[in-house]
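When the chains are written out, they are named A, B, C and D in that same order, and each has its own residue count from 1.
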Amino acid sequence: MATLTLTQANTIISAAFKHAEKLSLAPLTVVVLDPGGHMIALQRQDGSSILRCEIATGKAFGALALGLGSRKVSAMAIERPHFLEGLSGVSGGRIVPVPGGVLVRDSEGAIIGAVGITGDTSDNDEACAIAGIEAADLTADGG
Amino acid sequence: MATLTLTQANTIISAAFKHAEKLSLAPLTVVVLDPGGHMIALQRQDGSSILRCEIATGKAFGALALGLGSRKVSAMAIERPHFLEGLSGVSGGRIVPVPGGVLVRDSEGAIIGAVGITGDTSDNDEACAIAGIEAADLTADGG
Amino acid sequence: MATLTLTQANTIISAAFKHAEKLSLAPLTVVVLDPGGHMIALQRQDGSSILRCEIATGKAFGALALGLGSRKVSAMAIERPHFLEGLSGVSGGRIVPVPGGVLVRDSEGAIIGAVGITGDTSDNDEACAIAGIEAADLTADGG
Amino acid sequence: MATLTLTQANTIISAAFKHAEKLSLAPLTVVVLDPGGHMIALQRQDGSSILRCEIATGKAFGALALGLGSRKVSAMAIERPHFLEGLSGVSGGRIVPVPGGVLVRDSEGAIIGAVGITGDTSDNDEACAIAGIEAADLTADGG
């Protein structure tokens, strides 16, 4: 298995929304990227604001960029803001360094994609990403 | 009615894929944008190449940009390449001027979003967009 | 097999240079990208001019962007210059639509990377890419 | 001597990888730039994440940009973040201000290129760059 399929991506998104509903979260945007950082699927719930697609994608892309869940990217950004500024520059401004960008690994540990969620608190966003990935019988690595 | 809902966007995408399957088309990428040009939903089928999200979005964004289906944007680009060059510039390189970007109108004719499809011929891409929009009981305006 | 390894990429580059030497070509730049468009390896021969890295990468990226060898991307650009202009825009100016960007496929036909070469004529560039890929026992798809 | 040759660049990369193997480091990406900041050679080891080419290049480019090893660029960024912000802007977002970008000097002290490495800790990245440069009988200037 090299990349998530569209079917798996849709399963992840549905399960993430179901988890959010159970927790009565604010409207979310969920994106699933392939290992190269290209979108497989995205859904923005009614009422989720207009930059949410870019934010969700920036969390997931940041995770893939460094091979680390975005919770770790966030910690690096706090510790070394100058490194994050450099990263942001060389990525063309594509990284959002806060929790909610979660790597998807297959049973051997290989990265097969990433999920990014935004709309509620970063911790809740991340919890929904993990719930979605696990519902697809895959391994979540939030950082 | 001011904008497509996520439910409507998902209906459009599913119906577009169903139409493509009936015609045995190549793998497609389908995006649905709100009237402000922001993504509501996107799905890229397995095997659809890595720039397809940007291409589908560029068709739909071009349609919204001018308030014209991308078939008309395409005609303008052929007739007046200097206009397209200017448009491309002022949009930050966000317009793909070929058929397959279709406006979605409500029963009063107001624009409530746009659908962009890429992966097969531009004509087939557009036909799937129209089929998807009509399956959601909305009005398609391909240009 | 999901992506070319670094070892395979290095084999491709060495074999491409060997082919070029046999044909007494001008100094070349050769790049190998993974299926997501990210660089695995690049070598620029002494005397190859300063934008050659970007040109080689633009050929290979264009092939991956559309899932077509860059000879076909080139044909599309000639036939429909407005489409290429749109593509160039949505890719952030990353596509060079001339022969010399060759897809690498595994034995099942899946895309596992792309090779881009520039420095001599486009036809010679492409011939070296194909020679390199075949020396690594992989399938070349120039378009 | 005005610039590193491709042969020297390849020697540097091989020696850097050998040093990393001896220290059992994480997968690395190594780039060698000419004095104008243009790539001569790059190799990304299997498992090195997708933005590593840009990060390695950003370290080496930052060193050339100021004529200082990136350890000194890093110190400046920490002391005067507003200066780094300006630098990032005027460079078009091409600078990553952390150790691991090392200038290559000839026997007279002239800058003939730069090496950038990323993948392990910044200190280990830099040590591999220095080892690579010294293996090519050249002088390393990490900052």
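Convention: a contact is a pair of C-beta atoms (placed from the backbone, for glycine too) under 8 Å apart; a residue touches a chain by one contact, two chains touch by 3 or more.
Each chain and its UniProt protein: A, B, C, D = Heme-binding protein.
Given the structure is predicted, the values throughout are model-derived calculations rather than measurements.
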Relative to chain D (Heme-binding protein), the most remote chain by C-alpha centroid is chain B
Chain pair showing more contacts of the two, A-D and C-D = A-D
Can you tell me the C-alpha superposition angle of chain B (Heme-binding protein) onto chain D (Heme-binding protein), nearest 5°?
-> 180
What is the distance in Å between the mean C-alpha positions of chain B (Heme-binding protein) and chain D (Heme-binding protein)?
-> 44
Where the centres are mean C-alpha positions, what is the separation of chain C (Heme-binding protein) from chain D (Heme-binding protein), in Å?
-> 25
Geometric centre distance via CA averages, chain D (Heme-binding protein)-chain A (Heme-binding protein), whole Å | 30
Counting only residues that touch at least 2 other chains, which ones in chain D (Heme-binding protein) make the list?
-> 50-51
Based on which chains are in contact, what kind of graph results: line, ring, star, complete or other?
-> other
Chains touch in the following pairs A-B, A-C, A-D, B-C, C-D
Complex contacts: residues of chain A (Heme-binding protein) adjacent to chain C (Heme-binding protein) = 2-3, 34-38, 92
Chain A (Heme-binding protein)-touching residues of chain D (Heme-binding protein), taken from the complex the two chains share = 47-51, 54-55, 57-58, 62, 74, 77-78, 81, 84-85, 88, 91-98
Flag every residue of chain C (Heme-binding protein) that touches chain D (Heme-binding protein) in the complex, lowest number first.
-> 5-6, 9-10, 34, 36, 38-46, 50-51, 53
Quick one: which bits of chain A (Heme-binding protein) touch chain D (Heme-binding protein) in the complex? Just the residue numbers, please.
-> 35-37, 64-68, 80-83, 85-93, 111
